[in-house]
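In the part that follows, the structures are each spelled out as structure tokens.
There are two complexes below, and they share chain A, which is joined by chain B in the first and by chain C in the second.
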Partner chain A sequence: MSSGASPETARTTPSSAGVKRLLARTLRHLSRAALGALGVLLVTFTLIHLIPGDPVEILLGDAATEELVAKYRQILGLEGSLPQQFARYLASVAQGDLGTSIQTGQSVNSVVARTLPMTAWLIGVTVLMALLMALPLGVAAALLRGTWFDHAFRVATSVSLATPSFYFGLLLILLFAVRLGWAPVAGYQPGFPGNLQYLWLPALTMSGALVPILARVLQSSIAETMEQEFVETAIVRGLPAPVLVWRYLLRPSLAPTISLLGYILGQLLSATVVVEIVFNLPGMGTALVVEGVLLRDYPVVQGIILIFALIVVAVSFLSDTVSGWLDPRTRLS
Partner chain B sequence: MEAESPILRVENLCIGVPRRRRGLLSIVDTADFQLRRHQALGVVGESGSGKTMLCRALMGTLRRHGAGVASGRILYRERDLAGAGEKVWRRIRGRRIGYVPQSSLAGLNPVLTVRTQLTEAIHAAREASATEAEDQALQLLELVRIPRSGQVLEMRSHELSGGMRQRVMIAAALAQEPEILIADEPTTALDVTIQREILNLINRLRERLKMALIFVSHDLAVIEEVCDSVMVMYAGASVEIGPLEAVVRHPRHPYTRALLASRVDLAVPGEDLETIPGDPASVGAWPSGCRFRPRCPLAEDDCREGVQPPLAPAGLQRTACLHHDRMGCDP
Partner chain C sequence: MKRRPRFLPVDLNRSALVGAAIVLLVIVLSVLVPLLSPYDPVAATGPALAAPGGQHLFGTDQLGRDVFTRTFAAGRLDLILALVGVSAPLLVGTFLGAVLGTTRNRLVAWLWLMVIDAINAFPFVVLVIAIVAVVGPGVTGLLIGLAAVNWARYARIARSRALILRNADFVEATRVLGYSRLRVLVRHILPNVYSETIAYGLSDFVIVVLTVSSLSFLGAGVNPPTPEWGAMIADGRLYLQTQWWITVFPGLALSFTAIGVALLAHGVSGRYAGEK
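After this line comes the complex of A and B, so read on.
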């Protein structure tokens, strides 16, 4: 194409323009991720040092002499002022080393490597389950607005939203694991597809908080779409019902739901902490609480929270991409 | 005129919105007209006169807007559609009645390409393979005079200009070769030169495809470009209907006369534009008797009584004015 492209000629090479746009967007997200990671590190570093309790004293017990404490402080890299400690930590993270656990001496990288896959599986299965439930529910609630279904939907989503996930999880365990025996009460075995039998109940627990939000956003978003002239036009064109629902109601309404999903995944990560503990799953949430926070194991806490932050950034990138694919209007900006 | 029976007959149609407490709120009341094959009927009136609701009644989409047919009949080939359910309407829509909406920006699905929206309409009308449908989609774009149709096929509405969008809307409405095309202010949102092109296009297509047309506009000048007859609506009622020329030359209703007198395109430069005194009667607050009475220079005591007068023959047209004989024959 010749230079000085008018909008018309630019249209004719959509692929190269598309690649450029994608690159620019990826760069933007990466720089945002780096900045976000730095902020997260700074905040967690500050917060965890504000919590009373000295890891070295926990490690050595009450009987330790002052010289011993000082020696261990040096071994563990906890000597010097906080800014000095932070600078040292930052330098090692920049090289891809998340540090060493104070309590166990394991590298934090290996803790992450051990626990990340399970948590990733849990999140993946949760998102899939939540969408599989929220999409039909939201569509039905929008189409049946004002009927008994709509009212039942409102009540059920409110109740579900108001139920804390640890309680909901225990109820589900009682029903499905203890009464019906459809799932193991707790525990985990890696390896697909065997791991699914351990994951579906925790995923269902987390969906309990996710589905109501997604389904309601979808419902109101579809209700808004229904008012659009193009729906009226499509109806008058005599299009079959499945085409109307999928292409004219769901497709134009899906983008906000997917964007929201990316957004509330941050909340979902904090839910994984609770759910992993309730279901005794050896994921990052359990590691964070049991190995990190309770033992004041600074490097473990910081490492895992950094990974959580990166997951949030990655997911928001992914949901942006998906909603851009679903709704080309959002691709313009 | 007598030889051919009309394909569409609307008889004393009343459209209402159910109210929480007391019965129905009327929004269209005594719409009354017929449409023969290949006829182009213009529907003119101020906003709020019930033009759009009338269109919706003819497409069976009133319920979506919380309204319904209260009484009267919509006879499509002698079949009453006034109380018809979705099942019946689904067979009528698209294949029998096509629709071009007012706002061309909102009329196209923003997330679908032109190709998808044209081919799905074609598939809804008849069995066709993917390539057949695509060929027909291209032909449709050429029919509505869209250049570079191959590229336009891949575009979405935000990539098209207003005039192009309206052409695509028309192409989609024609995909199923409807007998009747309903166009609700199809050129209102367009600038004047594009408006002219679209009107010419509608004219040509009507000739070529032998369609009947219902063309809704607030602008008589636009209606004169494409229609051969006209129905004037005021406050939900048909007040005058007849051949375009007769109505424009010899209006038999004071409201029609006032509309003609206030036309911008015929105004004398430098002189004040004629306006109709008073405000249009709003829905729910229609006066008793003739609804135009409070603004009418010919009003007398008997105009106050009863309900909106029905259309009665007068000259070549029919009028709802009780005193049309007192109107001078020239506007």
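After this line comes the complex of A and C, so read on.
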């Protein structure tokens, strides 16, 4: 442990052994991410085989002719043995082909391309909004540990986490859109900055689940940082408060939050599905439910959940890597 | 290594008591609703869209069904679904995880771990809804979806716990005593692993009850006309501006339940989700 060292001195003297260790770590994370992606593909591939009975028969019913059956088998990738099917699935995904919708005949790629930007905007605005709320809350809760504020913080975050986002969203619509008229009730127009008008209320709804997680992680990691000797040293040195809070409290405390990004993104993507439906936003979540699940369009379901999971795997890899860079102490020990 | 029987409510503080009271109230009302209310939860029993009060404490919905009766009939279904959706994966996942944490067969353990990590990589609601899409909506589909996804999280927790326990002194001692590996697993490792996953199970109950109602809200869960909180909220959405009671009462019941369990979980385990 090098807990006594100031974060500055640790950063300015990177030993070559430290850099090597960092590279080895990154490689290990990368191989783990590749394996994770393979596992994710195995799950999405297995999904279609969970259908009780023959999916083609279920889809076609009495309309089944030999020709149609053969065509649907081909679209669903159900020709040949299981290993052959999986190999074909891997090959097509590797070439960037997510399959074809059985309801509309569109490529799943085009469904993703049409809906991904809106979902990305929603998540981006949510993260920004949630950080703006969670940072001061987390810092305050850590500094005021054991006071009434801390207790109120704990209860409020528990309540917020336990409130279903679709209910919270409806209440926000009732208050901000219907009563106050500050936002449209539902719908979306692409194009920055006009789209923010449609996004801020859904983003606020999603923040209801995100802020408690972020603020709690921040609170506990800041509380841990405060016990470090370098913080005491900084206080004794009489540094101005902003420098103290940012460089000596927040920066060393951000690593745990960043290493949780993969988990947090998973939570956000789950929330997107529900919130997009509540606010009638044409994103990936709406596509998954309306075009995929409710219409039983298996390739659309497979394709969209694959993208969701791959995003989580990629972000987990990035956050593991970045949190290693951000906190120099992980390079030393 | 201290052995902590964590699931015993050793530290029943104020938040745990408040949580327990809320949960108890919802359970009692849900169980007793056939005695408390003369109405059928799925049949029209009054004028449509009647305001709360008088004959109908919570009002009636667009089909003239009594919202009070439906809210607590839904409570029974949601609580049972969440209970099964937590306990089945808890039992299976913990056992599997403990076995994986103690087995000497590296390859098998590695393959299982890959599957566990792959399932956990998916956003929870997203994978459950995808499985419901293929096996078909309804109570059975919902339970299959929850079980198929949720076991992996318990297995992950149980495995890391078992890995630590494997090297604990008291397990070391059983080896010296020459106990069989099965006996060590069942009598010494599993009880300690279960106390860990049961503590997690309480906060997981919140996630599962919210997932059940979210899926029904989206139309991919419990089928109408069966009363279910999420489905009722979806029903009342169109009337939100004028007949708020159709949406607000089931929503309050759902939030109260989730908050009650969250407070209970928070108080009983003395720590909370998000904090390590």
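One rule holds for everything that comes next: the second predicted complex is superposed on the first by the 243 of 333 C-alpha atoms of A that agree within 3 Å, B and C clash if a C-alpha of one lies under 4 Å from a C-alpha of the other, contacts with A are read in each partner's own complex, and residues count from 1 in each chain.
The definition used in the following text is that contacts are C-beta pairs under 8 Å (C-beta built on N, C-alpha and C of every residue); 3 or more make two chains touch, one makes a residue touch a chain.
Predicted model, so just to flag it, every value in this text is computed and none were measured.
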### Query
Can A:L50 be said to touch chain B (first), chain C (second), both, or neither?
second
### Task
Examine A:P202 and indicate which partner it touches, taking first as chain B and second as chain C; both and neither are also allowed.
neither
### Touch count on chain A, higher of chain B and chain C
C
### Query
Looking at the overlay, what does A:I235 touch: chain B (first), chain C (second), both, or neither?
first
### Message
Quick one: is A:V243 in contact with chain B, with chain C, with both, or with neither? Answer first, second, both or neither.
### Response
first
### Query
Which holds for A:P252: it touches chain B only (first), chain C only (second), both, or neither?
first
### Message
Residues of chain A that sit at the chain B interface in one complex and at the chain C interface in the other, please.
### Response
none
### Message
Residue numbers of chain A touching chain C in their complex, please.
### Response
35-36, 38-40, 42-43, 47-48, 50-52, 55, 154-155, 157-159, 161-167, 170-171, 173-174, 178, 212-213, 216-217, 219-220, 256, 266-271, 273-274, 277, 288-289, 292-294, 296, 298, 301-302, 305, 308-309, 312-313, 316
#### Entry: Contact footprint of chain B on chain A as seen in their complex
11-12, 226, 228-230, 232-240, 243, 247-248, 251-252, 326-329, 332
### Residue numbers on chain B that touch chain A, as the complex places them
59, 61, 64, 90-95, 97-99, 101-103, 106-112, 116, 120-121, 124-125, 151, 155-156, 158-159, 169, 172-173, 175-176
### Message
For the complex, give me every residue of chain C touching chain A.
### Response
15, 114-115, 117-119, 121-127, 129-136, 148, 206, 210, 213-214, 217-220, 230, 233, 237, 240-241, 244, 247, 251, 254-255, 258-259, 261-263, 266, 272-276
